[in-house]
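These are the structures in question, set out in turn.
Below, subunit A partners subunit B and then partners subunit C, in two separate complexes.
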Partner chain A sequence: MIEVRDLDIRGRLDAHILGGVSVDLEPGQTLAAVGGSGSGKTTLGLALLGFIRPGMRMVGGEVRFQGQDMFGLSEAELRRLRRESIAYLPQNPASTLTPTMRVEDLVEERRLAKSEPTQELLELVNLPSDHSFRRRFPHQLSIGQQQRVAMARAIANQPSLLILDEPTSSIDPTTQRLMLSLVERLRDEQAAATLLISHDLASVARMADEVIVLRSGEVVERGAARHVLDSPDHAYSKALVAASPDIAVDEPAAVPDATEPAPVLEVRRLSVRFNLGRGRGRRTIRAAQDVAFNLASGETLALIGRSGSGKSTIARALVGLHPPDAGELRLDGSPIPARLRSRDQTQRAAIQLVPQNPEESFNPRRSVGDGILRSIRHTRGLGGSTATDRLAQLLDQVQLDPALARRRPHELSGGEQQRAAIARALAAEPKILVCDEITTALDTIVQRQIIDLLKRIQNETSISLLFITHDLALAHEFAHRVGVLDEGKLVEIASMAEFVRDPQAAESRELLDSAVSLSRTLAARQLEEDEYRAVAAS
Partner chain B sequence: MPAGLSYAAMRMASAIATLLVVSMILFAAVELLPGDPAQQILGINATPERLDVLREQLNLNDPIPVRYASWLWGMLQGDLGESVRTQHPVDELIGRPARNTAILAVTAFAAIVVVALTLAALSGVRDGTRTSSLISAASLSAVSVPEFIIAGILISVVGLELGWLPAVSLVPRDGTPFSRPEILVLPVISLSIVGGAYGARLIRAAVADAARMPHVQAARLAGLNESRVLIRHLLPSAIPTTVQVLAFMVPFLVGGAVVVERIFAFPGLGSQLVDRVALRDAPVIEAIGLIQAAAVIIGFQVADAVGFFASPERRTAG
Partner chain C sequence: MTSLAGQDILAIGEQRARTARLSPMTVALSALLLAVLFIALFGPLIAPHGRGEVTSLPFDPEVGVFGTEHLGRDVLSRILHGGRPIVIIPIVATALATLIGGVLGVAAAALRRDDVIMRVMDVFAVIPSILVALVLFHRFGAQHWVLALAVIIASIPFTTRYARAAAFPIIHSGYVEQARMIGEAAPTILVRDVLPNLVRPLLADAGLRFIGAIYLVAAAGFLGFGPPPPSTDWGSMISENIGGAGLNPWATIAPSVVVLLLTIPVNLLADRFARQVAR
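Up next is the complex of A and B:
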């Protein structure tokens, strides 16, 4: 149904985005394209829609959909194909919803004569279908509901081709399962083909029949999903599989000896509220309620929870960016002020934040090295050659090439930006590093490198890490203890080993059940296929 | 809709408060103009006794707050006072000029809306095309030329050299500007070239921002018709900025009208204002200033309201 032949797409300076990629996709088949960032996965997905992003151009090859050359079609013919046969869900599905349109209009405008009525489409994605819900605007829905509306909108045309770009990266486990069942339904009912673009190998293992492994725009390995994921041949595929966190395989880190008499940081009954809106429509959101935990020297505590569970708010409160309504913070046994402004130099330096989006946190007009130097000067009061020596030392510590430090933030890759941000935080010689979802935007291999870097720094300096993430499988590999947040409350805190063995809170079990495990997924699929074969044989 | 109603009430109250503050500043500014009105009226040869009598008649001996209060009280009752120079009631003096200016400004505003929206849509929806670069270059040059230069060029070329349109915009004694529509053409062009180009640039930026939003790209990839993408997905996001830009045209027109009316000898509020400032005719100046301020405030209130109702997020808050 889809034939891609020698697709060659170049970016600026003639750089290869896709260098001669060929792919076939049959009706009813699910093909996964896996690879790190910059591997050309998204460009391939968009090419199947007959779209090439601005700044790129196609220099060779062809894309055929049901025999038609996608790039030879007129605007109107291409539009008809997209309208009638294709469903596309980009990385952040909620962003496809136009904020000025109502739910029903968003779904309705993608329906065709053959489609189910809007109401049924909404029910299909487990959304209410009553009049008042259909009249809502996207901002009146939760993020999960927005994602479901985006799904209903995407499949409203009963597509024969689905293109899903990193569908699991921003979606919670329940919505993931729903998406999976929708894909299966479309496959069974109308033999829809699916291109799944992902770096989450477990979800690939669950859904895909075939896998292609992309690296820098080239297919380095292709084959049956189970084979490629279980026993990859190419070195890069091996690295991808090895870097993928797996809660069922990796051993959790042992809790360090609690010989330290007092914890470095004590958080007592921390509560943070947000006021939304003004006047009568005013609402209060309790982002954190009575949160209490300690952090020992040289320890890593992972704070995990879904989006909106209060993780980032707690991070911001600890570094003094968001004053809490109640609670106390103690550093080395003595209380510190809530506001950053009221903290003294040592208190400020002691707790440092590595933000979620490092690129935004550097001045776009100056080099990242400058940014790190600034931190050295302000937090340690160093100047002149002492400061530049310290910069060199920090760059060495985070393994960032000094030549790269002379570049501006947007000229660095995501992993390099994150290394720079860690160096900037370390410049203050902190006791505690608060890492707020610092691996979320990175692909698996780079994620692994950053985690290894943090582990090494912790071994060398016995710094304490507060590692905030929604990825339990990743936290599992290197955090000593774990705290689970649910709607602003810390519902469980335990050592990682104990937590995995015997989770107490319902939210913990939910998180644990949905945690990524490539090996488990592969085993489950194997089992399914064996059963199917057994049934077929009898 | 309760959110809408309380919103309207709040806006109304803030508009009235703003107008009140403007009226104070306006009154104080006119009072602070140098020179003694009584002396101005009677001339330099007036005797001190006659000056005193006139000051008493004009209530000039009262303190400023008292005079402000009585002026405001009069305004509230619809009494604009009378000219200190000719003793004509102010409403008679400014009635016809106000109507003439309103006609000029509304025509110019309509022209600006058409010019700005057309150019913005042509250049903003698809970035980087030749039309788009041409329009932005042309609008940049138009923005850099003040309206009185454009007016001067139009008068000398179209009015005098070619003789196609009247160089002077005289309104017939018993008619409106519409009874000789040709007199409106050059003033409206002078005002709308600058205003239209300025508006086009700002609205273009708003439309281009909206065009880059992920939901617009998604709508195109969903295979929707280009007209539907524009009307349902792209343009609604640009409405709040667009109406704000258009609201900024009201003060531009109020100020521009003063200059352009003067150049074309158009009998409007702007010309009247310039004449009365020269004569130190405080009640007329204050009345005209207040009308201009009200027009500007109403313009921004309308823009805020449109922006409010165009954004579901704000409309449904609370």
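Up next is the complex of A and C:
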């Protein structure tokens, strides 16, 4: 149904984005394109829509959809195809909703004569279908609801081709399961073909029949999903599979010495509130309520929770960016002020934040090395050649090429930016490093490198890490202890080994169940197929 | 432990020079703009006749390049004499308006409760600029500084609003937060992080503001609030000669075209600059 032949797409300076990619996709089949960032996955997905991003151009090859050459069609014919036969869900599905349109109009817009009524479409994605809900605007819905409306839109035209671009990266486990069942339904009822673009190998293992592994725009391996993910042949595929965190395989990190040292950081009954809006629409959100934990020297504590559980707010409260309403912070046994302004230089240096978005944390008009130097000079009072020596030492510690440190933040890759941000945090010689979702934007291989880097730094310096993430599988293999956040409350805190063996809170069990495990997913699929074969044989 | 040359690491502290890539269009527009600015500023030195010198009968199209105007003076010479106010007043006024608006806007963005500044600006924003100018002329007479003041008063609400919008994301950016976290003082953050990132968007806005100022100066001239005779400006020339458009159309067309030749390149260049900033 879809035939891609030798697709060659180039970007600026004639750089290969896709270099001769060929793909076949049959009705009812799910093909997954996996690979790191910059491998050309998204460009391939968009090419199936007959779209090439500005700044890129197609040099050769063709894309055929139901026999028609997509790039030979007129703009009007392309629009008709996209409206009637194709559905595309981008990384952040909620962003596809026009903010000034009501729920029912958003869904209605995508319906065709053959489609189910709007009401049924909403019910299919587990949304209320009553009048008052249908009249709402996107901003009156939760993120999860927005994502579901986007899904209802995607299935409204009963597409024969479904393109999912990193669907699981921003979606919580429940919504993920829903999306999965919708894809299966489309496949079974419409014989829809699906292209799944992802670097989350576990979700690929769950959904895909075939897998292609892309690297720098070239297919380095292709084959049945189970084969490629279980016993990959190409070195890059092996690296991808090895880097993918797996809660069922990896051993949890051992808790350091049982000789309980005095905690470096004590957090006591921390409560943080947010005020949203002003005047009549003003709402108060309790982002953290009575959160309490200790952090020992050389220890890694993972704070885990889904989006909106208050993880980042706690990080910001610790470094003093968001003063809490109540609670106390103690550093080495003595209380420290809540506000950044009231803390002294030693207290500020002691707790350093590595932010979620490293690029945005460097001044775009200065080099990243300059940003690190600034922290060295200001927090340690070093100057001249002592400061530059220290910079060289830090760059070496985070394994960042000094030539890259002369560049501006946007000229670095995501992994390099994150190394620079870690170097800057280390420049203050902190006791505690607060890492706020620092691996979220990175692909699995780079993710792995950053984790290894943090582990090594911890071994060398016995720094304490507060590792904030929503990825339990990743935290599992390097955090000593784990705290689970649910709507601003710390519902459980335990050693990682104990937590995995016997989770106490409902939220913990939910997180553990949905934690990524490639091996478990593969085994489950194997089991399913065996059963199917047994039934077929009898 | 380090494999670096000492100079390499020292160079990190400095900013890399950015090589600007100029498109042919940008070069052409800049050249045109510079030519018009040159005419405006140095025109009086190259004018064939004095600004008050009568060379022929009124509206005689045969004399000189563009003929004569309503009092029989040479149109080309009057154009060469009449450029200074229409260029200098908008430049000075726009620069001051951007500076004042920039300060107010950054203050508004940095303060939690910025309602006071912005609501006052909103009140001023609804007053038409030409009205401000006419009231001031009535009180102080049609002088150059009054015109400049009118432009400044009319522009500040908009430059402030723009500067606030441009400064807000910078002040709340990750890099300013980082600087705060290591305890840098507010003035240092302002100079190192906020201003360098604010300059380009403010310049792009100033370009568009400059055109508004030119129109206001031209409009004032057209309405009879130009400089006292025999000195002139391009706006006044258009209104003085519009009655004789049938006899010598050049007397109105020529000054109109020069105004366009000034505003169009500024407009396009500011647009290009704004697009670069947005990228």
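Assume the second predicted complex is superposed on the first by the 533 of 538 C-alpha atoms of A that agree within 3 Å, B and C clash if a C-alpha of one lies under 4 Å from a C-alpha of the other, contacts with A are read in each partner's own complex, and residues count from 1 in each chain.
Here, a contact is a pair of C-beta atoms (placed from the backbone, for glycine too) under 8 Å apart; a residue touches a chain by one contact, two chains touch by 3 or more.
Because the structure is a prediction, the values reported are computed rather than measured.
> Clash or fit: subunit B and subunit C on subunit A?
clash
> So, does A:Gln140 touch the first partner subunit B, the second partner subunit C, both, or neither?
After superposing on A, A:Gln140 lies in contact with subunit B but is clear of subunit C.
> Tell me which partner A:Asp452 touches in the superposition: subunit B (first), subunit C (second), both or neither.
neither
> Name the contact category of A:His378: first (subunit B only), second (subunit C only), both, or neither.
It touches subunit C, and subunit B stays clear.
> Looking at the overlay, does A:Pro90 come into contact with subunit B only (first), subunit C only (second), both, or neither?
Only subunit B is touched by A:Pro90; subunit C is not.
> Check the residue A:Asp530 against both partner chains and state whether it touches subunit B (first), subunit C (second), both, or neither.
Touch status of A:Asp530: no partner.
> Which partner does A:Glu251 reach: the first (subunit B), the second (subunit C), both, or neither?
A:Glu251: touches no partner chain.
> Which listed stretch of subunit B (25-33, 43-51, 97-105 or 133-141) steric-clashes with subunit C in the superposition?
With chain A aligned, subunit B clashes with subunit C through residues 133-141.
> Where on subunit A do subunit B and subunit C both make contact?
none
> Which part of subunit A faces subunit B closely enough to touch in the complex?
The contact residues of subunit A facing subunit B are 46, 49, 51, 78-84, 86, 88, 90, 92, 95-101, 105, 109-110, 137, 139-140, 153-154, 277-282.
> For a test of understanding, state which residues of subunit B touch subunit A in their complex under the given definition.
3, 6, 214-216, 218-219, 221-226, 228, 232-233, 236-237, 310-313, 316-318
> In their shared complex, at which residues does subunit C touch subunit A?
Per the stated touch rule, the residues are 1-2, 4, 6, 8-16, 173-175, 177-184, 192-193, 196-197.
> Enumerate the contact residues on subunit A facing subunit C in the complex.
By the definition above, subunit A touches subunit C via 319-321, 340, 343, 345, 348-349, 352-353, 355, 357, 360-367, 369-371, 373-375, 378-379, 385, 388-389, 391-393, 396, 402-403, 405-408, 424, 428.
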